[in-house]
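As written, the chain order gives the labels A, B, C, D, E and F, with residue 1 at the start of each chain.
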């Protein structure tokens, strides 16, 4: 059994029902989510031992966020209660030719303002085999960034497998700020979730060559990066947006050994898209075994996980292994 | 006017709103349904005189189920109040590539535990022209099975037209159990709703021949069955599941006179799929006239009824004759 | 900045949630709408100075309707409170192969029974540059009809730009009644929203010629009408109903100068179709400038406005200029 | 078993949830009610054979109203489908020192506009033992009034027991109009639900005497009326409104034999007050036996029925005999 | 007609339905409120010309808050759109022996961070007769505080009548901070809403005397303050909390002329208590006329307004003059 | 820190919203509860280490029940997934003079049908200091009863403190059946929650004496029992039901040392009464320290816990230590 740990922000999510616009709604559905928390929950649902570190205000909102994690059996021992504010975000769910829209109110949250000494590298990493980090955690606050960088380094020294998702969000920081932070982390990570833009522009791994196609370009840059780092494999998804509620999704896998794999492509309708990328990561990490080099299996499984998430309300992939395998097998309809 | 009677179980159905999973919902929508009850209501909506027999606990849940039938003007004179439990079932409504899922809690319901003597063959059949029976009723309990078999035989003696829907449900009984019960009923029925598997494997009517195509196979077996029974016609639907919420449906008709008819095929999106098969039966029985041999009209009308049901919440086809005809004519959009 | 004024009825709209049929729903969502009110709100959202005249009962229902307009900053100075009844209508929202259905209860509303002297031509038109009138307002009551005809004439004398939407509703009046009223208005209007049937049969502008195609027919009749009136341009939409919830929409533009333009065609899924025609009018009027003859820009923009409305609950286009331009540019997905 | 018949209007009732004001609510709960319909349902719940006559529009709203009656097993054979409009009313539920408020929209309903010949005296009265009429039915329309007067006369000739509830509503007619109609009915009724004002001012039965107390006044006038008519007994309730949601209720009984009985007084909190008077009538009629002269039992039982109604959402007393008896015995708390 | 202006913060309020705790709710009702905004709306409902100044983020949340004011006809000309964040607060509604609980998330809102120059003294005060200011506005931010102090001074110079409500909130600032700001404002205000603590401790008006009773103490300090300032009258409410949902409320009035008036006391049940103090202020300002010295009428009317607010969901007193007068007259029950 | 363990059934609870009757509701609120689970959660909320053993079906309903416990940090290591059915119960919430009503559907649940060997005495008791058992667990099934009896004996041998709540439910078993089982447990328990009836009739501890008062009777029997067993103290609550939604509650304490304490009495209004007895037990166990003999503190604290539960929706006391202390101190109103 893998023993994961991750850290980051969990927010209260407020969603108008029934495709209402935020301007017109008179009630909001309440769930809790955040990239790393979503991954933690999905991995716990797949049966893993998962630990999560964050800081939550010691008020009813923080308690509710805490319980939303604990119900899935996540080890919250390094999570601390304190500070004033739980970050919130509003998701206006569009349809067809109307876009969805997200409004954030997370700038001053407890975790964003956390001090370096409030968390403990040792407590977080104790007895873990895997550490997952996302760029969002690096972007939230200065102390949190520095702590996270040190966490990655220490985990590397301890021999943990480290996965990293760029998760670049322009509303949180500039590309320059992201590059400054992420480049400190990149040398230590083994599994990367990234686009070409992420590796080349943010990560700074450029080859100086010209490429005939985007595929060649991606392969060139990715290979260059893996050759000059500890990274063993890079994964990413490719989305086609036929409409706001109908998308296609496929994924790719590049490995240090030179494997290139493009998955099959799913076309599907969307109930709730938020967290699909996190479900992809979680599904993939659920089955990926670096020693077995089961990259193809992992990315196909991760893709199915990400696709399935689109049909589930809230940020979280509420699913188990057989749900994913049913989807891989193309089963739809009604089970009774 | 046809005077129908049917018997069976009506349950409380609990449905999470808004495609929520059962694991996450905090409220459940309440309706009432069951195969034979659904047919009874749809036939009453079409203007027929319909009688329904069941047993319901004399508590608020049983009373609510009772009223859900009576609001449509159904004659509940043979229905008795007693026992402890109203069966329930939960319908988790999937979407796109996520399957729907049904969880049953019906094993110990009042009607499943009914004793033979609690019901009266005479009262149920008095003044009726049509009896409809489904395999589900045969599967629920030993006494209910024996009573239903005797009911079919008595109805046959009295000259009623008897329709039978295999409705095989693996969660209720094994194929062997189903075969044992259904083979006692099959010789007496005039109108059958069945698949090839139903007739051949459960019904036991095999020809021993080899067939080049499934269509030929079906025709061979169905003809064999009709040649060796009182059955005048066999109907069934064929479903293609493009996704959980988009299906295509067509139907077939085979008659003792040798008519084979495949209907047109509808492709449509689904609001609520439960009860579609019952709506098909009800729509078909609404117009089928064995003397007039209007099989083609009947199966096309039944198919439209079944298709329309997919767009209505709850188990029940809430529709009248003009709604079905509008659909047959391809009318969609907004009436104002 | 354009200064619009329009007049008409605003009703309480009652909509069953979740595609429920009116026969089965136990709650109704409440919004307020009516063709001219919808246009007034959309124009106000686009930033224009908009005035609206109606009569509302001085009870909580009338007050709520009043506030539903005032929240958008509409000048309600000519609107009067009085009478007994706020008209209502029920919208049963179909899906796929099930049609939507509208039930009206508007016959005896305060505005329908208004007396000529309750409104003031002068107050309504003061300081306005544009008057919009729809056939619905002409259909509601005798005094309202006569007042509206005089309003158009007076606006014409004052030099306002007058737009007119036929909006023929068979449930409100006969074609003969409509023709009698509308023909008094048509000579004075500059911008017309109409179908071929509207202009030819209701408007009475026939050429006596035979046409090879419907396009030629439309062009012939429209040109004839514009040659014999003050009308500068005619707009209309063309809808294809693939299913109740999936339609295509395009639009046309004909001008007195001979321009004929057919827009691109959008195919989209529907959340709420009511008010789409009004959004088309409002979007078009938002950008149309008769002097600049920007007909093509206007009709494309109007079409996008009408299309976008299909994805928004309620009668009203809750959108601003950038929302429309995003749609014109084909942007879908999630903004975050 | 008593065989009741009554006639009148059933409306759609729209109630804002959660004590919201009509001005602020965005959804409305939907039920169906009307004085005579409420009584019919409560009597059916008590196990009686009940018939109800009305006219309902043949649209989904009328059908829903129809089913709301039929679910209780009411015989609707004399009810006809036709006309345009189902009357509606809105109930704003106050609390504490805020009053509740009712807004009606019933003036032009199908039943109010019914023609005399649409109903049949014979069909309505066939095989009935009791006719109940309320002043509201007399107030709705001219033909309906005349038909109802003739119905009372014919029922009297046929030997039915006739009960009459003044139910004077100032929003429906003037005292003079009420007097004109009701005085034609009063000579034929056996059981009357009335206040002193009803009998004296509307009914026109004055003694010319002066009374020291209101009780003496009531007794004097009631006795005078009963001495000069076929009326055997008069019942009424007395309400003290401590606040909008806390009231006390007691009742009185006067009989031709000179019995005067004042019931005990209940003090209770209110969930939904509408229909409490109808529940009083229904409960009383459930047990009243003129031959047995069980007036005291009847009025106490009726009062308990009326009190219990205050705790049930909607217009209708959903209760059976044991519920009423539990209340008479003072049982409160939780049954498990 | 009085012409009011006020300024301050309007927030999104999130309320769990049905007395749920924040820890358990899965949806939140959405309204908008803030002390000064609540007063502005109530005064507009009473028919006054009211202007309101604030700063709102130019996103859907800010737009919704903006519309929540404009629907009542409030002049928002000095309100500016900008900044990032709309403040929010959560109201957990207790019952009986469970307290209600408010959680704020307002620290970094657009209005709290406003710069002095973003608002204009002249635009806000133009054509106004009354300025209302509350201590909350002084507490939110440094620039806002300084602007508000200058606004009061300028209004004083322009001859406006100035009302001031201490509204001290310990979660927003310390007593020392409050004293520093409020003492700059106090010399210029004519109408004050305050407790003894407010005037003595925060305002710094102490007499140095000893008093036998709290009433004498209050009178001594209040008189001292009015003798040394421009203040003409001081009002306040006194609350007894019998339980979370049942309170008593009375009020007092002290004037510079020496009038002391204690109002009658209402005891009532609570639907929603937030905003009751604002309703008191608004009701009082609605009728108070300093020249007519109708202090007693004003404070009784204000109290009734404050009491009525407790029965209305949301922060806002949705009521008109006749609603308040009905309450003064003790009318409860059902209007129909 | 105390280390508790308990075992029993957790069911899905279905509650009609808004005081609706089960006969009329169209949705049901979903929570999870059961006496021992409720106690486990409340103790976990108070900060204790709590373990819970049950059997749940491995379907979405069982998973949801499982998570409802785990969100509070309860150790579910001895809980097993299997069997078919999750028990359900329906709570119809009355008001004022209408009683609440509970309908159970729990007879055939997974835990009721559990086999002795499916659970492990050792695993359940490992590292625990306290075992709590309720009569309900003894009543559900034969194997479960025998296991629970052995569990109590083993816990006694291991030196755990054992608390026992009679919790007699006539719908589950007869007094004779209860006596047979409970008398095997009683000799081993240290803390008992019981009425006089429980100890005397079910427990079989009679003194043969006559008592002048019920208090003397209770003291006599309780003392007799404590003198002849290991029981150190007996607690119970006394309820007065002024109406369905207003009760008074007090409690008593009897100890082996002869202490008799009657607590103060709370009078309060009820939001949700289910689980109040469990909250009493949990609050009391939270503070009770047998060595310190803080019986009075414990029973007062337990009573406040039980009272507070009446104001919280669902079975569970969602509260922490400061909430209870606030109530003990009489704090009501609004915290902000």
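In the analysis below, a residue touches a chain if its C-beta (ideal position, glycine included) is under 8 Å from a C-beta of that chain, and two chains touch if they have at least 3 such contacts.
In UniProt terms the chains read A, B, C, D, E, F = Kinase, PfkB family.
Keep in mind the model is a prediction, meaning the values are calculated, not measured.
Asker: What chains do chain B (Kinase, PfkB family) and chain D (Kinase, PfkB family) have as common neighbours?
Answerer: C, F
Asker: Same residues or different residues: which describes how chain A (Kinase, PfkB family) and chain C (Kinase, PfkB family) meet, taking over half shared numbers as same?
Answerer: Different-residue interface.
Asker: Based on the averaged CA atom positions, which chain is farthest from chain F (Kinase, PfkB family)?
Answerer: C
Asker: Distance from the CA centroid of chain A (Kinase, PfkB family) to that of chain D (Kinase, PfkB family), rounded to the nearest Å?
Answerer: 64
Asker: In whole angstrom, what separates the CA-based centres of chain D (Kinase, PfkB family) and chain F (Kinase, PfkB family)?
Answerer: 46
Asker: So which bits of chain E (Kinase, PfkB family) are touching at least two other chains?
Answerer: If we look for residues of chain E (Kinase, PfkB family) contacting two or more partner chains, we find 17-18, 21, 23-24, 26, 67, 101.
Asker: Looking only at which chains touch which, which shape fits best: line, ring, star, complete or other?
Answerer: other
Asker: All pairs of touching chains?
Answerer: Once each pair is checked, the touching ones are A-B, A-C, A-E, A-F, B-C, B-D, B-F, C-D, C-E, D-E, D-F, E-F.
Asker: Please name which positions on chain B (Kinase, PfkB family) make contact with chain F (Kinase, PfkB family) in the complex.
Answerer: For chain B (Kinase, PfkB family) paired with chain F (Kinase, PfkB family), touching residues are 14, 17, 21-31, 59-61, 63-64, 67, 84-86, 88, 90, 92, 101, 103, 105, 107-108.
Asker: For the complex, which residues does chain B (Kinase, PfkB family) have touching chain A (Kinase, PfkB family)?
Answerer: Those in contact with chain A (Kinase, PfkB family) are residues 18-21, 23-24, 94-102, 104, 169, 171, 241-245, 247, 273-274.
Asker: Can you list the residues on chain C (Kinase, PfkB family) that touch chain A (Kinase, PfkB family) in the complex?
Answerer: Checking each residue of chain C (Kinase, PfkB family) against chain A (Kinase, PfkB family) gives 17-18, 266, 268-271, 307-308, 310-314, 318, 326-327, 331-336.
Asker: Which residues of chain A (Kinase, PfkB family) touch chain F (Kinase, PfkB family) in the complex?
Answerer: The contact residues of chain A (Kinase, PfkB family) facing chain F (Kinase, PfkB family) are 67-68, 70-73.
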